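Shared between the two complexes below is chain A, which pairs with chain B and chain C, respectively.
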Partner chain A sequence: MAAASASPGLDFLRRFARNKAALVGLFVILSVIGLAIFASQLYPRPPLRIVGRPELWPFANPRHLLGTDSLGRDIAAMIVHGTRTTLLIGIFASLTATLIGVTVGASSAYFGGWLDETLMRVTELFQTVPNIIFILTIVSILGPDIWHITLAVGLVTWTPIARLTRAEFLTLRDREFVQACRSMGMSDLRIILGEILPNALPPVIVLSSLVIASAILFESAISFLGLGDPNIASWGGLIGDGRTLIRSSWYICAVPGLAIMATVLALNLIGDGLNDALNPNLRDRS
Partner chain B sequence: MKMSRRELLASTLAAGTLASAGFGEAQAQATPKKGGTLVATWGGFEPQALFVPAGGGSSPYFTSTKVLERLLKLDNKLVFQPVLALEVTPAADFRSYTIKLRPDVKWHDGRDFTADDVVFNALEYWKPISSGGALAGLTSAEAVDKLTVKFSFKDPTPEFFLKSVLAGKAGLVIPKHVYEGSNIITNPANNALVGTGPYKVKQWVRGSHVELARNEAYWAPGLPYLDQLVIRWWRDPASRSAALEAGQLDIGVFNPIPAPDLKRLEATKRFAVTTDGYLSSAWISTIEFNSRRPVVSRPEVRQALLHAIDRDFIADTIFFGRAKPSIGFIPASNPLFSNPKAPQYPFDPKKAGKLLDAAGFPVKGGSRFKVNLVAAGWFEENVKLGQYVKQALEDVDVTVDLAIPDRATSLKRIYSDYEYDIAISNNSGAIELIPGWTNFVTTSGIVKGAAFRNANGYSNPTLDGIVSNLTTEVDEKKRAGLAHEFVRIAATDLPITGLVDIQSVTIARSDVRNHSNLADYLGESWSDVWLDR
Partner chain C sequence: MLKIVGRRLAQVAPLVLGVIVLNFSLIQLAPGSFLDVMSAEQQITDPAMLDQLRVTYGMDQPAHVQLLKYIWSVLQFDFGYSYRQNASVAEVIMAHLPATVLLMVTSIGVALFIGVAAGIVAAVKVNTIWDNLVSVFAVFFFAAPTFWLGIMLTILFSVKLGIFPVGGMREVGVTEGPIAAAFDVMRHLALPAITLGLFYAAIYARVMRASMLEVFRLDFVRTARAKGLAPTTIVLSHVLRNALLPVMTLLGLQLGTVLGGSVVVEAVFSWPGIGSLMLDSVQSRNFPVVLGVLVLSSLVVACVNVVVDLAYFKLDPRIRAR
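== the complex of A and B ==
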């Protein structure tokens, strides 16, 4: 441990802050979270309400700052309320994927043998199916509902996490400290969760933050194709609705498109920052 | 503000109609030019086969009708015109009809077209396969001589009804010498068609287009004008409009491009937009109330909910003005059978609220009751329609759970599982009400799993009786009276009704002449269209 730092937490923050791009990313994500929290205060009316003339351009009317879509719904209200959908899907899909991925990766590396073989073949099976087709299949079978979409995205994005976890576990499972635990008679579960996992987790966390980004993109793609949940405002759904008007009112697609781009980019920057902060090889690099 | 926008819209529409009328006159005056290749498409996808004997939707109908012909056709003034039949005459008791056929008509393989072909079609194809029971009363069809056929019926059969069947989707004439003794539905000839029409199938490049070549031995002298007709398919409306602009496409029927693009392309003067040619294939957006669900099975609830929906908004905003508020279940464009005097439900949310209060559904905890709304996701407009209707009903304190499933799931939920309280779907049909339109509300129309039939479970003996009289009433005036009563009952009980009548649109390059001149142009032979190049 570096003796100079006051505490591990501060040390982590200092190293994260060393990456300026990551700070920008963090700022964007915090703003998105802020919008999600205060959406109901900013736009108290349901966001899918028709409030004005259709196809009103951004900044043409101060009441509808970002304009209105082809039905006359306020784009700003839909963007702000859409942050909830976006974050909800991103976070829960990422949690689902991390849970599945870590479970599969950890058990296959720790126990090895036939379990490893089976789990890795299953992982490869999931990896070979094109993600978007797999998601569309699940959603069209279960029905277009936000929780089904979250589940579907989680189900296709866990494979890289499983592979990464497995690789980390493989390097750790025969180290002395693990063997010491074994000789002390610790249970497998306790070794996995209490000893190996904390050491294997940093790269997995970085990857999970990237899964949030791809989950957001998947949700947008599904909504764009018209399979999203029609009862809630979503960025992808807004783009899909505006598609036929791309020649005349392109802002309907552009505004949510920019929102998605900014959010996904920000998550990637945060991922880089986390990598810098959590990677022990970079720890003493100044 | 709103009013002025609507007026503006009305005036642009009127100007459009005038312009297209002027265009029609110019068409008639010019001398047709021969030759050239016309590339055509429609607002949908490639067909499963070039000809689907049992129906199969608009796509095979579009391709097969350029090769196969019918006995009659219906023009834009709703007069039946001869094609393969010169005349169709009823006997005094309307229990039999004599059909005189056109002489010197040859099949594409050189054989003569005769009365035997028509007898074969009537008994082996139209009655059992294509007409959906419309010809159930046909007891015999016999060849009187080489060019005369006599049809006999169990009951008196209305003339307009029979001619509608002969001129309609079910009435294509297929060659007896190719199909006799085979299974018509699976005969390989369905993709290598032999017909009497103005075009012969040259080749079908799957996934792209079908080439139809001029039939040099066509019975009408000098026709067709074109050397070649190519029907090409695009998967996406925006790419069709790009193809038009790039000169790769000459004419698109049945709403080929996004509505907002129509105005833009029309403004270039290189293209002409028309709504002609759809009189006998009118499309409507429908709202349907499931009679199996207690709350929405009550007519007073249905009437109230209709008062909550602003059809002008739907027509102006969702359809970009390319639709008109419906006046009932039968499109207003149907001059024979629609009934403008049937009960109407103008937009009035306050009245809707009062009616719901009176029906015993006061607002409790912010909501009167909850409904499942299913909007069939096959048209882009239905997506917006679903979202709008959800809001309109929520404005009168009805909680709505909206689903917009894809095509297959929508068909299943609405027509097989009956898994909805309120459904938004579409219906299209000919001028004649039987059987297409009536099947949506009659008891015999309830066939689980059959798409575009009675999915709402409505069963009313009075209405069934009227429909049964409609099939045998031969006096056209009395028949119209029965139809008006049919529409009135449907508009009172509201198992299903129209939200808006969709205005189907054709867009063509300005040098494509003499098109859209019949009541269902997508399904006509296109023998007289020509290119002014």
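== the complex of A and C ==
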């Protein structure tokens, strides 16, 4: 542990940078974000437009680098525009999950008693309901809209965040600095948000970045099952569309799957790297 | 032992009640009434008939009365009637449940076998090429979407190599007795079970490796080494059993996701289980079946959780003492 380090932020960055895999992950995610930002510049025309001959193999025509799908839509354009859908749903679902999870976990640990008991039962309830089935139910009731999918994914992924926040809050709740705040007459809300939360947040943020990864997987599964927003290009939807053609043109399924995998993998690597950088004493264990 | 089973089952009861209430709130959330959807599905336009349906489903009563009625009917296993299959919802679900449970149990078996074996290899040969190989595969399968992996396996093993069938559960027209039929189902089961199992195998391999390494450093292992036990004996009968505990914990926590994952895998391989039923019902807006699946699958998860807990007691006698 570099206890005498001048700046904890710099120290953190140095520890993160030492992890090569995490740096690779960071590079991949930054590229994906770049693609999402410049999607309209790279492929100005609507991605769901038909541009050429159907089932054109990748690299066969330089104008359509990754080939075309069963309708003759450019796969590369759909993947580039799909990054927006994927990232938006991933990030907002993770934010939703973090908001619910932190609220539940914090109030459950801070107030304890019957509230704790009730909230933990509710958490258990959400853990028992099979996640995809729950998402499908919500989406089928509310309708296949991108925001409904985001909400549904957030609703099934908050439980680990709530548990972690609760555990962090339990260790911090009775520390001296919190007791000092209490004796000063600070309000509960101010103690929770201003004093305990900043100390509990780092591990929660790591978990939230991992939740983005699982949110992306859920979104792609929903789109794959044909319940995604039909007016938006999405990686999972692309795989679902290409599924009927696996005998002739299996690349339609393979390419977007690789994109999903690379993104999820990168997020996992970043999560691991953050974890190691935050808990340097844990890293050397195995 | 019996007392523990009883206590765990008693904990399941409020959980089921919670799922029912959750279900009911979802129904209330639906835009337009439940009745609109049902009458649209059946194409009922007669106002007298609509009124009658409203009374039949108790929609003329306030929400809390409806909730109590709903809880009561679910407790009696009455989830309503599915016109699409022309049978009660409970019957429809029960007809599809065995296929899903078979898929679930097999893939958990695959996941445990591959995951634990890979974890042991990685831990015993730590920091060698074997360890790295296991890590790479684990990272790969952890990040791959299951449905995509399923399609890729289908392309390789069914389309290119022709070893396994593309989908379904039985070959049409196989009637050569129970053994041939079982073999037939096994051939169809292989790819979906591997697809679903590999994701969890990846997790278990990582956890198993970490917990094996942890246990290797404990005193009793050193004692076992000191008294001259063979390395294989130490690994298999001393370390393995202790290292399995975290894997079992994880298994219990993930049962819900295994069942959820089977929905997606069933869709890929047209496996005739709960997942296919769910998808069909969602697409046809057959809400009684959708909600029935939600309640029953939660119940299955809760029950299997109890079984996992019991396995935990068997593995670790220390818990029993408490």
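Everything that follows uses one rule, which is that the second predicted complex is superposed on the first by the 273 of 286 C-alpha atoms of A that agree within 3 Å, B and C clash if a C-alpha of one lies under 4 Å from a C-alpha of the other, contacts with A are read in each partner's own complex, and residues count from 1 in each chain.
Assume contacts are C-beta pairs under 8 Å (C-beta built on N, C-alpha and C of every residue); 3 or more make two chains touch, one makes a residue touch a chain.
Treat the numbers as computed from the prediction; the structure is a model and nothing was measured.
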Which of chain B and chain C A:71 touches, first, second, both or neither: first
Partner chain in contact with A:128 - chain B first, chain C second, else both or neither: second
Touching partner for A:138 - first (chain B), second (chain C), both, neither: second
Which of chain B and chain C A:26 touches, first, second, both or neither: neither
Which superposed partner A:226 touches (first chain B, second chain C, both, neither): both
A:246 touches, of chain B and chain C: first, second, both or neither? both
Chain B versus chain C as contact partner of A:49, first or second or both or neither: first
Chain B versus chain C, judged by how many residues of chain A each one touches: C
Residues of chain A at both interfaces, chain B in one complex, chain C in the other: 140, 143, 226-227, 243, 246-247
Sites on chain C touched by chain A in the complex: 14-15, 18-19, 22, 26-27, 29-31, 139-140, 142-148, 151-152, 154-155, 159, 209-210, 213-214, 253, 256-257, 259-261, 263-264, 267-268, 278-279, 282-283, 285, 287, 290-291, 293-294, 297-298, 301-302, 305
For the chain A and chain B complex, residues of the former touching the latter: 46, 48-50, 53-54, 70-72, 140, 143-144, 226-227, 230-231, 241, 243-249
Chain A partner contacts - residues on chain B that touch it in the complex: 1, 237-238, 258-261, 264, 313, 317-318, 375, 377, 380, 383-384, 386-388, 390-391, 394, 401-406, 409
Parts of chain A lying in touch with chain C, wherever the complex brings them together: 121-122, 124-125, 127-134, 136-143, 213, 217, 220-221, 224-227, 236, 239, 243, 246-247, 250, 253-254, 257, 260-262, 264-265, 268-269, 285-286
